[in-house]
Structure formats: structure tokens, C-alpha cells
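The structure's right below; bear with me while I get my questions together.
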Amino acid sequence: MAIEASREAGGHGRIRLGMVGGGQGSFIGAVHRTAARIDDQFELTAGALASDSVRAKASAREFGIANDRAYSSFEEMAKAEAARPDGIEVVSIVTPNHLHGLVARAFLEAGIHVICDKPLTTTVAEAEELVELVRKTGKVFAVTYNYTGYPMVRQARAMVANGELGEIRLVQAEYLQDWLTERLEASGHKQAAWRTDPTRSGPGGCIGDIGTHAYNLACFVTGLQLDELLAQLSTFVSGRRLDDDVQILLKWKGGAKGMLWASQVAVGNENGLTLRVYGTKGGLEWVQENPNCLWFTRYGQPKQLLTRGGAGALVEAGRITRVPSGHPEGYLEGFATIYAEAARAIRAVQAGQAPDPAVIFPTVEDGLAGVKFIEAAVNSSASNGAWVRIR
Amino acid sequence: MAIEASREAGGHGRIRLGMVGGGQGSFIGAVHRTAARIDDQFELTAGALASDSVRAKASAREFGIANDRAYSSFEEMAKAEAARPDGIEVVSIVTPNHLHGLVARAFLEAGIHVICDKPLTTTVAEAEELVELVRKTGKVFAVTYNYTGYPMVRQARAMVANGELGEIRLVQAEYLQDWLTERLEASGHKQAAWRTDPTRSGPGGCIGDIGTHAYNLACFVTGLQLDELLAQLSTFVSGRRLDDDVQILLKWKGGAKGMLWASQVAVGNENGLTLRVYGTKGGLEWVQENPNCLWFTRYGQPKQLLTRGGAGALVEAGRITRVPSGHPEGYLEGFATIYAEAARAIRAVQAGQAPDPAVIFPTVEDGLAGVKFIEAAVNSSASNGAWVRIR
Amino acid sequence: MAIEASREAGGHGRIRLGMVGGGQGSFIGAVHRTAARIDDQFELTAGALASDSVRAKASAREFGIANDRAYSSFEEMAKAEAARPDGIEVVSIVTPNHLHGLVARAFLEAGIHVICDKPLTTTVAEAEELVELVRKTGKVFAVTYNYTGYPMVRQARAMVANGELGEIRLVQAEYLQDWLTERLEASGHKQAAWRTDPTRSGPGGCIGDIGTHAYNLACFVTGLQLDELLAQLSTFVSGRRLDDDVQILLKWKGGAKGMLWASQVAVGNENGLTLRVYGTKGGLEWVQENPNCLWFTRYGQPKQLLTRGGAGALVEAGRITRVPSGHPEGYLEGFATIYAEAARAIRAVQAGQAPDPAVIFPTVEDGLAGVKFIEAAVNSSASNGAWVRIR
Amino acid sequence: MAIEASREAGGHGRIRLGMVGGGQGSFIGAVHRTAARIDDQFELTAGALASDSVRAKASAREFGIANDRAYSSFEEMAKAEAARPDGIEVVSIVTPNHLHGLVARAFLEAGIHVICDKPLTTTVAEAEELVELVRKTGKVFAVTYNYTGYPMVRQARAMVANGELGEIRLVQAEYLQDWLTERLEASGHKQAAWRTDPTRSGPGGCIGDIGTHAYNLACFVTGLQLDELLAQLSTFVSGRRLDDDVQILLKWKGGAKGMLWASQVAVGNENGLTLRVYGTKGGLEWVQENPNCLWFTRYGQPKQLLTRGGAGALVEAGRITRVPSGHPEGYLEGFATIYAEAARAIRAVQAGQAPDPAVIFPTVEDGLAGVKFIEAAVNSSASNGAWVRIR
């Protein structure tokens, strides 16, 4: 069951990886670097880790990047790396949201594959341009909606696709945190500062930071497309510039309904991402904080606790499972799966082959869908909760 | 800690209880009778248990009611019992919803206290008339929103009232079942039949049967009043005449927000009533299927698992607790508490005293609030999800 | 599914019940009285509730017992009630352990059925005499090993009997509390005082108070008989006169093994009674603090969460279930089932019939087995952990 | 909070790592390799991955090891690597148990640090020789009792050391699996085959494979030393050559008591490693399958749910935590911590410094303690459950 790097398989060594953003003290940069290492498919070889040159060099040194490949400008990095015979093959973008689009464009145009954090961009227009550019360049573009990398999320998706739930009626998603219960951004907290700042975070606060994760998860598992939404965005903390709580009614194409609730002020919740799906024949429940299991009920039968690697685990879960059931995998392994899947896609492209159809990762189109969702929610809320159709 | 009937306290024997509805095969009638017995404050002495005379007599015999007090008409029962020196002091109404108002009126006018199942009536107008009549007659009127009888619900209410959560921001309520996933009412299932029949159930299906419980619980614990709601009611099962899923956005007076979801088609849920409340200082979570505990988090401190009768239990929980912590109390005990509280109120009225301020039970006004909630939700949904103000 | 008193069934009214012990302030007396009421089969009509005459009268008054049937001597009560045409038919014995045997003997000899708290007696010899006397008199004798009254315990027993687990290999039982973590008995706490006093509690402290419950549960569910045990009894609290922690290795007849752990000093545990049974084909886990469910795994299949009244519930669970699945039943309902079963047995004896084979309650023989278990554990521990064969 | 490789800190690049055992298809080899990568402190550069030369070469190629450093003999590898200027600095030993001692000796004598899987050896004598050799050579020697690498295990250890539990009274450990419920070793299952074969596994089956983990965990968290044990080892599966279930009574130095239960035939358990510790002032409970939390109760206060990285997390947990609370870390991260700690120790030795006192990993002495435990349990069981003193 254990999966492992197999460089022979593709006839390659590690894929050369660059990183933009993610210097010392960054939370998500460290996550991406660890995720890239876990399955041994990447070697971090270049970076524009900070815009300040001294910090960029120091960060690079700490992460084992050679001094001459420690850039302070992503444009310069894209150009220089594209020109090197041993230049990076893929770049990870872990900057604040407002830069995602610009950076991604620079590397795509330089012929370099992209792994980009979410949300894809801060406007739908910019996201649509990226979609276009990816199509034109044929590059691999993965968006780190990382929760899709959990084996039991893949299991859930496969069960829905296999018809185990029948026709889907209800899709309920939640993502609850409490770290912004007080005005943390006023105290110099770096993460809080940019995430509540519309110039860096975009028009959505909680909706863009975590609501979009819940939405992506719901789409990923059910395969449904959203038709309309109606949103109530709130800013509970006085002086905050973006929403910190999001409540949304959902109408899915085909007739399913649902609700999505995301909050950063729900005291007692850490990363309470939960998905519940109910159909005519069965129901599923998954909780990120205990990700190695999946509750499944066939109507009229006892509830089952499916476990990663346990009885009833499907091949879709098994192929991304590393250790036996009962030994928990966590957030980093799920994140690593996005990297491992991207590596498989990159190697396929490099070999001029179509990727294995089993390979799944969130694409630039999924990224665009996320930005449309944010925009629609912001607009609906601004209209006192009008139904807004997803374009 | 154990509470027990103390007839000496009030200087009385058991209170003479009648019942309307609840004949053989009724679910809720048996629940009421057991609840009435648990704390030994009542003796069932008369009943109009069925409209069919033979079934009424047979049911009465089974439940130990004398033959001459086994009625087949509630009007006749109200009149006859009021005329007897040993007539009933209080009546329990456990008929389908559409009869609640008529029956209640008959007994109130006969000078008899009332314990009535929920929802109070099927129209706001009828509910308002009952409120008026209760005020005029001075009779005790309890509505069996029974979940308010769980000790940890009382604990939650007291903690909110004591300011442990600070200012309330979020109130999320759920009540999930799956027993109507298929068209059970078409198969002759008695419970399903009347609950999905607008002539007996009123304008709400799921919203009236369980949504109103979730709403009452949210109001009871937080002490908040609802300002506006916006509802999406669905009927997923083809041929069903009332809603079987309810999704509602809530705006509470004072600025709190929330969502309420009730469903009877969420496969894998039995009686998943859950309340979550978050404020500026803390958060609370309570789950009916495991009712003897309450999760509480003070912002910035570890989550606590409070237990009924355990450390941290307040007097408000303790006074309705029967057995030590770790020995679960359940649905019937919570229901019994409504009866025990009603008994205390009835004895106080009989003694010409004000009831102990610690005595709490859902009143006719709470019943009216429930009917208003149902009406508003039905209206909002009929307007494709317009915000509707609660009158 | 709801069960209810049906006096017609047996052609009788309520069974006349007396009580010895259990006066004001007693925990277990109140539990017995409530349990007796829940299914409406008994009416408390006489009592020797305390040895002090004033307290006996006051307690009787509080519980609705007529003054002339409020005794202060159980011998007098047995004699007087036996002589009355409306005398009690059954007596509940809720005194400290050392009196159980004496009281039971008095009532059996007076021709009165007995419901007795556990452990049956403080010596094996006395227990054997009671077994003999019950056989001779033909009276119903129930011992309130109340956990056998939980529906999911009956479910577990039925599943083992039906072979769902295959051949049993492992039986692990625990009963953990923390209320005696400090020397509570030194502070005048009545419950702690007698339970740690060998003259009233017998030779076992924790082993007799809760270890015997765990043992009874293990035997009840598995149907196995114990062959040998090896015990390590500890007294952790300085000055305490009886054990407060019990650790036992078990060898069951037929080859199964197991462990039993009971503690009253395990900080953070309230009434943590747990049973785990594993066989060649499946495994079961049940936890008293969440008694409405039962974990079941067939080897090689996903774990199932069986619920009281839910899918997969067997008739053995269903016949003692009162409310639908998802509405928890608790400790008092489980206790009430012992009373309801005893009532069925008493009515059968009174009718000169054999009781329905479905009727199950812990018998005087089960009580004897519990006393033998206590004695063997005390002896093994006194021999520094020698294997002791159960006689 | 995120920790990351910082090669600057020690003035070094990655530590050159070799591996003995762990070729294609090995479970634990893949785990060690991933664990070594997670914090980016190691580069796998040599291996004797299999004794068969073809398989050894193929495995090396797959894992990115140069062909000339792909050995088929560990003796040859030790010699050759010691002679290279760029030879490995540390070796990981992931062979079956019977080879641990031989391989470790070869590398220690070649001046190479060792990371060795558990149990350390199959005899106490051999383990004692290794202890001696480590003392003589001054090399770092880590034994992968990997559960000590979970942050909340470190938290538990720190809380006990800080006196939060008072004086320890009870230490209960369990490790439950079900994968050997049937005679898997007869079907050619490689893992099952060697683990049930005394010539490769040593004298203990279940006791050596998982019982020793539970024992190490108990010692690690409590800091207690075992005084005596009394064991009941069973072989439930017919034809099996080693124990598959282990039940042990424990007497700890200083007066604490406890039980240890390990099983490989407990149907429904995957890797159910649980530790419960109770003292005069508090209690702790930790479960490996949900490793990011820790239950803690101060006597007389509500139970708390401490989370990795959450409120109440101590520095001892924080220093080995990688991602924020609510984002689960799992088995591989815990395992990686053993490698990260070993790296810190190796760098300190290489720099001629004492390691930071905060650095903790299971040592060769802990390995010896594990072997003594196995031997004592086997001996006790062979004597029908005699108390055996730990030497």
C-alpha cells in the first residue's frame, strides 16, 4: 500500500522546483516545501522567497538553495531560470493572493509549470486569463486545494461517482476556525494582517481564505456544479476590513440543495472543515480534523466507519495511501499528494504522453471556479442576500 | 442530586391527569405517559384516547383508566371532568397538530390546566387566541418543547445568561433525520401519513415537526429573539405534500447571525439535533444524541467537556438531574422534566402562590413563537427566499 | 417500538411493592423507585425505609406510603405485610450489602418475591443459602445488575449467541470512576463511608461495588463461565480500609482470555463501564456512558455503529426499547427494564405459568456468581496474585 | 510553529544516510525513508536493501541511490562506506529483528551512527553488548520507538514531569490490532511470515512487535521504571508459532500499578495504541489513532481536550510541531521527529558539542529496556503467570 517516489518509473531524477514567496516565517511556504519532499519527486533549486534581497538570500540559504539562484524578483527569476539548462521545471507560488495571477503569468510565459496556492486570483477576469494561458501553453497548472489530496476524500468522490449515494439531494459544507475572534491584525500578526487586507487578500476575507476550500471540496466530492447561491457575509470584529463569517444557501445544478458555512470567529474550532452529502440511497460524512475515516450509511443499513486502507477502501483511496490503516496520515500527506499528482502530470507532459487518467489534482479551471464563487458570494451579500447565478 | 417526587412539599397527592389522543399505537402518547410517571407527580385518570369509542375504551383499559372516564369526545371529556369533584386537574394534548388549538381551548375554558404537544397550532391566529385565553384564565399551559428539559441545555442557557460566552455572534441549529428518505406515507405508515398531510400537520412538514424544535432550542439557550429569516424549503421525495428539508438563514435581534437546517432525508441521521453558539468570549456545542455533555471553550483556553452532574455543572442543571454523572439520562428524563416543572407550576397556582422563579417550561408564548417561525419560513420560501421579518 | 405497561395483558393492576432501605437521601433507593415507575407495573405501598422510626415515617410520607405501612423493622414489615390481604407482592432491598442476605431471607420466608441490589451478599455461604431458599420457595428473585437492562447489551448478547462473533477469544471489561480519588469517607460522605467500610460493604471495596458489575456484564453478554482469575487489588488512598483499584486476569472455560479493570481513583472517569468482546469472526464494543450504540466489526469488513432501534437491531433489543433510535435512553430506563422483566416473571408465577422465555433478568444464581467472583479476587490478591479457580 | 530543516544552523548540508533492509515491497523501509525526508536533514546515498544482489540494485535505483553504492552485504557496505570520504554518516537498520544486533555492531564498529528499528535485538545479552559498544564508540544510536515522536506524547510526558498529575498511581497501556486474526502467515504474506517466525522475530510475537511499543510509550510518558510483571501470553490462531495476544499486570517502582494489553486478533482494531495515566491530582488519556489531542482532567475540574498547537500546548510539544492546530499530523510526522532529533544529536556530536537537552529520542538503553520487557513477559507466561522482576 505504501507509495513511494519511483524515479525509474518516469526515467527521471527529482523535478527541479522553484518557489515564489514563502521566505522565513511563512507558514504556507514551509508546508509546500515539506509536501514537495514527502514523496521525493522534487528538489527545491531556486527561489524568489522575499522581495527584500537580504531576506531572500537568507531564506534561500536556509532552505539549501544556491546563492546565485536566490532571486528577489519573480520576473527576473522566471527569465533567468528559463534560460538555464538546469533551470526549474515547475514553480510553486505561495505569495499573498493579489500576486498569484501576475506570478503565474510570468512563469507560464517562460514555459514553466505552475503549482499555485488558492484562491487562484483576486478577480474573475484575471483567473479567466490564466485559464486561457494554460490552454495555450499546455503547461501543468495545479491549485493547492489541498484537501482533495486526502485519501478518504478521494474515497468519498469515488463512492458518489459509483452511485453508492444514489441521486444527490443535499451537500453541506463547513469550515470553522476561531483564530480571528479578536482583532489579531491590529497586533502585527503577519498572517492576520494580509488575510484581512483587501489589497492583498482580494474582495473576500473568510470566504476567500477558507470558504473557497469548503466549496472546492463540495464540488470535488460530488461532481456537481453550482447553479445559484445566496450569501450572508458578516464582519463581527469591529474595525476588520473583510468578512470573518460566511453563510450561504446553495442550489446545485440538477436539483440538489445545500448550505455552506465558514467562520473565523467560531470559538473552539481550529480547522473544522466538514462535508456531508446525502442522496436517495446513502449518506457520507467527512471531517478534516479526523481525516482517516469516512462515515457512510446506506439507507436502511447500519452506519459504517470506513478507514483509510481498511475494509471497503477503494483503489482511488488506496493509490494515494502511504501507511497502513490505523496509522493516521495528516495534512502534510494530503498536501503532498497534490505535489505527487502534479509530478506525475509533469512527467507525462515531459514524456509527451497523456497523464494516467487516475491522476487528479485541482486545475486552473477549479481555481477559476473558486474565484467565481467568491465573487458571487460577495455580490449576493452586498445585495442583502439575493440569489446570484454562477456564470 | 437525585430529584424525586415529594408530595409532602406541596401538600398534595398526585395530580390528576387526562389525555386527549395517544391511544394504542401512538408514539408520542406513550412518551407523555412515561414522562408523567417518572417523577411521580401525576396519575392518569381520564382520557379521550381515540375518537373511535371502542378503541378509546380499549386504550383506556390498557392504561389503567376507569371505564367511565374513557371518553371518545374531548368536548364531552372536558365537560364531564370539570363537573366531577375528582375531575382531572390537567390535560395532555397529543393529537395531530390541527386539533391542538380546539382541544386546548375546550379544556382551558373548562378550567383545566394544559400540557400540549408542539407545534402549538397550525395558524398564528389560533395560537394568538390561545395566548389570550391563557392570560385570561390564569391556567398553566406548557408546550412540550421537550429538549429544554435536558440538564445540559439548562446549563448552556445559564452559561449564556451568565455572560460566559460574551456577546453572542453566531447561533447554528440543526435537526437531522432520515426516516422520510423514501415515501413512507404511501405505505400506510401512520406517523408518516399525518405528518406529511397538510390538513393534519398544518402548512409545515419538516419545518413544523422538527425545525420548530431546533428553533425553540436556539431561542431557549441564547435568550435571543429572531428578527428576520430567509428560508429554502424543499420537498425531495416525489409525491410528498409538505417540505422534507429546510434551510434557513437567521438574523437575530442585536446582530447575531445564524443558520438552521432541518431535514428528514439526511441518510444516516436519526435524531441529530445540534446547537452551536459562539460569542465574543466563548463557544458552546450540544448534541441531543449524546445529551449528557456540553462542549465549552473559553477563547484562548482548552476545550472543556462539561458533564451533567460533573465538575462545572451549575445549579440550573443540577436541580433537574436525577442520577450521578456518567450515568446517562435520556429523552424520557428530559421530557419528564417538562412534566415535573409543570407540576410545580400547577401546585403553585393551586396554592395561590407564584411559582418558584427557578421553574422553567415552554409556555404558550413559546408555542406562539414557534408557529410564527413556521409561518415565516413557509412564506419566505414561497417568495424564493425573501427576508421575512418576524412579527 | 414503544413498550408500555399493559395491565390488561396479565389481568392485573399494579404490583404492590415494598422497599427496605432507601430512605431520604439514599441514592440507590430513588433509582429503584423511579425504575419501578417507568413502565407502570408497580405501586410502592410499604417500606422499612430507615431503622430510625422517625426517619422511616418521614421518608414513607414523602414517597406516598401510608403511615401504617411505614415500618422501622424489616422483620416486622415482612410479617405484617404477609398477613395483609393487600400486602406487598414483592420487596426491593436497597440496604448496604451486609443486610441483603438477612432481609432477603425474611421476605422469601414470608412468601414475598424479592428484587435485591448487588452484590447479593457479603459471603459465598450466605449467597448459597439464598439460592437454596429461592429454589425451595419458588419465588422470583432478581438482582439489580442493571446494566443488563440496556437494549444494546441485550443486542450484544444476542449477537454472541447467534454466532456473529464466532468462537470467543477475548473478553475485556472495565469500570472506571474517580470519585474516591481522595479520602472522601473521612469527610462524612455517606455513600463513601459505607462503601469503604468492610463491616457494611463486605470484603471487597471497588471489586464489590463496581468490579462485580463489570464481571456480570461480561458473563451476561458472552454466556461464558469463568474458570480461573488472578487479581491485583490495590488501596491507593492512605487510610482507606478496602480496595479502590482492581486489576484481574481472566481465564474463561473453553479457552477465552481476558482482563478486568475496575477503579475508583482513575481521575477523569465518571462511570466508565466498557465491554469489549472479540471472537474468530467479529468484535463488539459497548460503552455505558454512550449506551445507545454498539460497535460491531465482522472480520474483514468495515466497522458498524449499531444503534438502539436502528437498522440491524435485533428483537432482543427491540422488545425492551421505549423510544425511537436517536432519542437516547439512559441509566434509569435500563434499570427499569430489570423491574419490567421482574414484573413479567412475577405475573407469570402468580398465574401459575412459566414465564415467557424472552424474559431475562439477573437471578439469584447470577448474584451468587458475583459473590464468588469477589471472594476469588480477594483471595488471589491476598496470595500475591495466584491463580484461583472459581468453584 | 512550523519547524523546518535549517542546514545553516549546523553549518552542514544534508546528512548522508544509508539503509540496511527495506528493499522494494518493504513496509517499514518506505516509512523510514519518508520520515528521513520530511524535515530535510538526510539524503539517502547508500543501501544494502536486499541480500539478493539483483533486488538490491533494483531497489537502490528506484530510491535514487547510485549503482556503486548499492550493496548486497551489510558488512561490505559498512566497510566500503567507512572508507569513502563521502561515505554515509548514519545508517538506518530496517531488517527483521534477528539481524538488528549484527548490523548495528558492524556500523558502530565502522564509526557510523545508527538508527535502528525495534525491538533492538532478540536477546538481552545482545542488547547489552550494543549498549556497551555505543558507550565505547560515542556514536548516536536511536531506536525507532516512533510513537515518542508525536507532539501530544511529548506534551503528556512534560505534564507528568511538571507534576500536573501528582504522584502516579495507574499506568494502563494497550496496543490492539486485528490483522493476524486468521493464519495470514500461511498464505505467503511477507510481513506476517517473519513476524510470526521465532527465528527472525525472536522469542516474542505480538509482545515484540507491538507490546514493546506500548511498554516504551508508558515508560516514556511517565518516567517510571518497571519493577515486576506478570504475563499471560496466548496464541489463539492454531498453528501459529508465536504469541498473538498479551495480557500483563505491572508493578512500577514507587508503587504505581498497571496493565498492558496487546493483541493482533482483536477484530475491529487497526492500530489501537492507547495510554492512560492517573495520578493523585489528574489523569491523561492519549490514543494513537487520533494523535493530535490529549485528554486531561485535573481532579475535580472538567475534562479538557488539549490539542497539538492549541491552548495549553507546552513548549515540549510545540518544538516538534509542524502545522497549526486543527491540521492533523500523523504517523509519518511522528516518525520524522525521531529522525529530526537524531539529526540534531548527530550534528552536535560532529561539532563536538553536547546536544541540546531538549533533544529527545529513544536510545540504545531504551532499546535494551524493551528487550528485557519481552524476555520477562515470555518467562512469566511460561511459568503460568509468575511475577518476574525486571533486572
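Points to keep in mind about this one:
Which chain is which? They are A, B, C and D, in the order written, and residues in each are numbered from 1.
Keep this in mind: a residue touches a chain if its C-beta (ideal position, glycine included) is under 8 Å from a C-beta of that chain, and two chains touch if they have at least 3 such contacts.
If you're wondering where the values come from, they're calculated on a predicted model, not measured in any experiment.
Note on connectivity: the fewest chain-to-chain touch steps from chain A to chain D number 1.
Centroid analysis (C-alpha atoms only) places B farthest from chain D.
The geometric centre of chain A is 55 Å away from that of chain C, both derived from CA atoms. Between the Cα centres of chain C and chain D there is a gap of 44 Å.
In terms of their C-alpha centroids, the spacing between chain B and chain C amounts to 34 Å. Touching two or more other chains at once are residues 269, 296, 303, 307, 310 of chain B. Interchain contacts join each chain to each other chain, per the touch definition above. Looking at the complex, you find that chain A touches chain B at residues 165, 169-170, 172, 178, 181-182, 230, 232, 234, 236, 245, 247, 249, 251, 257-259, 261, 263, 265-269, 276, 278-283, 285, 295-299, 303, 384-385, 387.
Interface residues of chain C facing chain A in the complex, by the touch rule stated above, are 296, 300-307, 310-312. Partner chain A is touched in their complex by these residues of chain D: 1-2, 4-8, 13-14, 27, 30-31, 33-34, 37-40, 61-64, 177, 269-272, 288-292, 307, 310, 322-333.
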